[in-house]
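Labels run A, B, C and D following the written order; every chain starts at residue 1.
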Amino acid sequence: MSDHLTISDLNLEFRTRHGTVRALEDVSLTVRRGEIVGVVGESGSGKSVMAYSVMGLSDAAADIKRGSIVLGGMDLLTTRGEAMRAIRGREMAMIFQSPRTALNPIRKVGRQIEDVLLEHAAIPRRDLKKAAIAALERVRIPDPERRYNAYPFELSGGMCQRIMIAIALACSPSLLIADEPTTGLDVTTQAVIMDLIRDKSRDSRMSTLLITHDLGLAGEYCDRIAVMHAGHVVEIAPTDVLLAHPAHPYTRQLLAATPTPDSTIDTLSSIGGQLPDLRRELPPCRFSERCVRKMPQCDLPPLPWTELSSDHLVRCRVPL
Amino acid sequence: MTALLDAQNLSKLYPVKGGAKGSLLHAVDGVDLRIEAGECVGLVGESGCGKSTMVRLLARLIDPTSGRIFLDGGDVTAVTQSQFVASPERGRIQVVFQDPTESLNPSFRVFQTIADPLKRLLKLRNADDIAAKVYRAAMLVGLPRELVQRYPHQLSGGQRARVGIARAIVVEPRLLILDEPTSALDVSVQAVILRLLADLRARLGMSYLFVSHDLNVVRLLCSRVVVMYLGKVVEVAPVEQLFANPRHPYTKALIASIPDPARRGEARPRLDGNPTSPISPNPNVCRFQSRCPIASAECRTIMPELRELGGGQSAACHFA
Amino acid sequence: MNFVWKRLLATLPSLAGVVVLTFLLSHALPGDPAAYFAGPAADANSIAEIREKLGLDRPLVEQFFYYVADLLRGNLGKSLTTGQPVLTDLVDRLPASLELSAYALVFAIGCAIPMGVLAAIRLDRPADHACRVIVTVCAAFPTFFIGLLLVYVFYFLLGWAPEPLGRLNEILYTAPPRVTGAYTIDALIAGDGEVFRAALAQLVLPAISLGLFALAPLARITRAAMLESLSSDFVRTAHASGLPTSKVLFTYAFRNSLLPISSVLGMVFSFLLGSNVLIEQVFGWQGVGAYAVSAVLASDYAAVQGFVLMMALLYILLNLLVDVLATLIDPRVRFEG
Amino acid sequence: MTFANLTRNAGHAFGENPLTLVAVGILLLLLTCALLGPSLAPYDPLMTDATAKLVPPSMAHPFGTDALGRDILSRVIVATRLDLGMAFSAVILSFVVGLALGSAAGYLGGWTDRIVGRLMDTIMAFPLFVLAMGIVAALGNNVANIIIATMIINLPFYCRFARAEVNMRRDLGYAEAARMGGNRTLTVLAVHIIPNILPPMMVQASLNMGWAILNAAGLSFIGLGVRPPTPEWGIMVSEGASFIVSGEWWAFVFPGAALVLAVFCFNLLGDGLRDLLDPRKRV
């Protein structure tokens, strides 16, 4: 499998009135063709910020200091304006959390799919409606002809998320970014939506980046998982390796804090301390202040990537 | 033996605005619930299943349309909720609310928040007594002394959650209702709060009603689980039995939907189809019938009653 | 269409409220309405006579029924100052006020919406700051003061505007034959370009003074609503789907902003109809506002009451129109009805 | 939004919006004029001088004199108390009444809500300035009735605002928690809810003050309420208006400018106060 999306050494800052927030530091990540990669982290870890920079939808206050994002050989950070717009929706697409608000409330959902088709797919106008209904069918929406005329407020959250997926997949993009796509949905709906996302990426060899705070969810659906903490990617590994043999202390503690069908209240452990304030001067390893295994050399810059195997990378001087 | 809490045939119907004349939203429909002294019962179900209405009914924040609630054998529904507010019974059931940010008065310091129920319910007037109890509650929930004089916006999410718990336990209730106490928290904080709750129960001997949509969390604390679907209880079982051998098709789907890395790729039952509307549902039709994989003609003519299945398990399904 | 009927029904309580309140203003308040109706020069005898004639000696509820019955027959009483039925007076003068308000509204909407949109798109840039300054200034100027300033500058100093004395210089031009009552429209119907230009020239200053005051709330809400839309999740989706900027701005953001904007339009109408009174005073405009002011000062109560009632009806009608328009924009309103 | 936010954000709000400081300056000036008016004025505002009619601005009369030879500067200064007083009383009255009615409607719901709502709808069914005219005409042409009329047309804004804010907070966790903690209905409202809606209400009041000034002055401008020779900005503008066509601009410009300054000041203060309480809501 070849690398499809490559993020390397991405550094991103937010200028706020309370100081500069170093939201991402030396973030590197690759997604191969047809692969589902999970990005897991707690709130404030920078996982969504990273996803938005790939899409070129960062906040106006965001400033990319360094690094590159390459999609299928194309450098996205140097691509601007019209060229970037042509890529979004056709080459890469994104779905969001709270699907209800992510859809235009006063436009028929069918028309919202047509908007994307009209822009990116060479479909004659008279065939648009048929194509939109076909897109609804592909995300297994029952009775698509009727749903074409529905407004988002008439649909359930799960149904809205399917519409979102239909919009995202309308032009068969090669990369899908799913930002917490099932947060706020019921667990039974979550399973249906996640199955759909997995099936679609398998069917069309689409690369998928799944942003989530739920390690269990990533564990079930992803091929590889990247764990983020305070603007750093701290560990990347194939899912089974990461879950069975976490190498970064943070990953291990995150796993221990996540309730699973096997955990008991006594095995459940928490992570001491809080996320560091990203406006402060920070030590090379941003986890060191919370880390029980901290050693004197942890304070020496630079923080290296340790390669445990060709597929298992960890940003820790003394991995487990 | 009388149960600590015994709710019998509890219903809450809301008139629907703008709907057909006489149409009623069946939020909670004929629910029986027993909680023994010292027991921890879980209440699970998807959004809109009536969980939060149950919380408000049991906490006597709203009056039931019909049914009775007995606390230690005494009927607390004998008076209306507005009269109940001032009764000494009020302090015996307390609630920890869902969103720790919304549930704290932004203009009250932590001290005032915890002291308020002491003044109102226990009629404490002596400042030293109040302070002693407030600081003891703060200590019990692991809230550092110096935070007691702060405002909610100066606290982290986990600290706010602790304040919410301290406020509830300061009047030494017999039953603590936990309404999704960790759903707004990150996993690392969730773990801390869950352990704190387990610890408090052991030390103070309270009963819990733990309401959650997350079965993995419920199983950590509870010995018995009640599953609700559209205002009805569909299954009650000891927690291990519920996971090992769910009898109601909804429970089966619910458990199968929990993301589980150990079972990736396995084909598991998924719930599709449209849920029945909770507005004036047909009393002779199983509420789950429209989404049920095993629904038959019987399910469309006879509403299944909750049946004892042995081993403390019961389910409301013709085929259980 | 179902919705329109529902909305029409929903105006009935407002209508009832308006009728009751106008009735109470004249009948249930301290002071002797008969004395008001009789006028300042009446003696005790004629007041008593009027009291009986108007039924003011009967119980309040009964008086109310007479009042409503009169209203239904279109009887608003007689004006003391003109000696004509109040309804005739009002119908006679209403077109002048409506014409002025309509031009003001077009001016206000025409300036405010582009300004608000521009400010939102160019947030925190010069265009936004300029918009902010204009809005702040406009909101602080009383309508009548703007009117006077404009007259001073454009009539007295520069001489660009015609003399601010009414709708048409009756010495130079004759009013067009009455069809709608609005001079500009009637002039066009009569095909009289010269009168049209003259009537329009008279309209410019009062319409602008009136419009400037309405401009501030409209521009403010447009900017706020656009900002809200632009930062919404669905606009983010539209960007993520690579839709063209113009489509995102208009089909997605602007269309969604129209709802909050239309809800403020009601307020703007209220401003316009109210300020009309002041502006007509400044420009010697022969509309219902000027009529009401002279009636108030002369204690010509039937006229004032008729005026208040008519303005309220007009306002309810305008709000109804806005609501119907809003449903065309937003399907949610249609369903919630 | 709480009072605690107020102090926290004060630095930023002033730093980022120096206009707020300007507004505070104008406010101090206005308050000084309102409190000390007669002793600050160089002349007696009612003193006529047949020899100095319509004198243009000069060293002796910085704002000139009016048609009766009265000093306009003195009249503008002395009028401050009346103009601000009328607006302020009206705003305070509608604040208090609106808060009471609105929070009762929002918290109790049901019939209270319906009756209060209907009442406010009826007021709002009129173009407000027209309604104010009608009220003054009916109640009688004097200053007290100007205040009452201004209060009535302001009332719906406070009432609806308070209703919405209370209604939103009624089911919020902390209100329910207060009920769990043994607070009776009225205590929850008075102790837990109302203190939290006061800051946004005060922003509303401050934004409203400018509008109240405009309304009161507008009524005087058409000859309602205040009678000559009482110095009042609206009536002074109206008196000065007759001399525009002969070019004596100062008679209407200075009182008008005073009005603009006062309205401008309160609008800016309202904006500043809003930023102070909740910087995110800045628009």
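Just so it is clear, a contact is a pair of C-beta atoms (placed from the backbone, for glycine too) under 8 Å apart; a residue touches a chain by one contact, two chains touch by 3 or more.
Which protein is which chain? UniProt says A = ABC transporter domain-containing protein; B = ABC transporter ATP-binding protein; C, D = ABC transporter permease.
Since the model is a prediction, treat every value here as computed from it, not as a measurement.
When C-beta pairs in contact are tallied for each pair of chains, C-D comes out on top.
Legend note: the chain whose CA centroid lies nearest the centroid of all displayed protein CA atoms is D. Distance between chain centres (mean CA atoms), chain A to chain C (ABC transporter permease): 53 Å. Centroids of chain B and chain C (ABC transporter permease) (each the mean of its C-alpha atoms) stand 54 Å apart. Averaged C-alpha coordinates give centres for chain A and chain B that are 32 Å from one another. The multi-chain contact residues of chain C (ABC transporter permease), meaning those touching 2 or more other chains, do not exist; every residue touches at most one other chain. If the chains shown are joined wherever they touch, the resulting network closes on itself as one ring, and no chain has more or fewer than two partners. All chain pairs that count as touching, in label order, are A-B, A-C, B-D, C-D.
The part of chain C (ABC transporter permease) that touches chain D (ABC transporter permease) in the complex is made up of residues 13-15, 17-18, 20-22, 25-26, 29-31, 136-137, 139-145, 148-149, 151-152, 155-156, 163, 220, 223-224, 227, 269-275, 277-278, 281-282, 292-293, 296-297, 299, 301, 304-305, 307-308, 311-312, 315-316. Contact residues on chain B toward chain A in their complex (touch as defined above): 46-47, 156, 186-192, 194-195, 198, 213-217, 219-221, 243, 253-254, 256-264, 268, 270-272, 275.
By the touch rule above, chain C (ABC transporter permease) contacts chain A in their complex via residues 232-234, 236-245, 247, 251-252, 255-256, 259, 329-332, 335. Only residues 42-43, 156, 186-192, 194-195, 213-217, 219-221, 239-240, 243, 253-254, 256-261, 263-265, 268-271, 274 of chain A touch chain B when the two sit together in their complex.
On chain D (ABC transporter permease), the positions that touch chain C (ABC transporter permease) within their shared complex are 118-119, 121-140, 210, 214, 217-218, 221-224, 234, 237-238, 240-241, 244-245, 247, 249, 252-253, 256, 259-261, 263-264, 267-268, 283.
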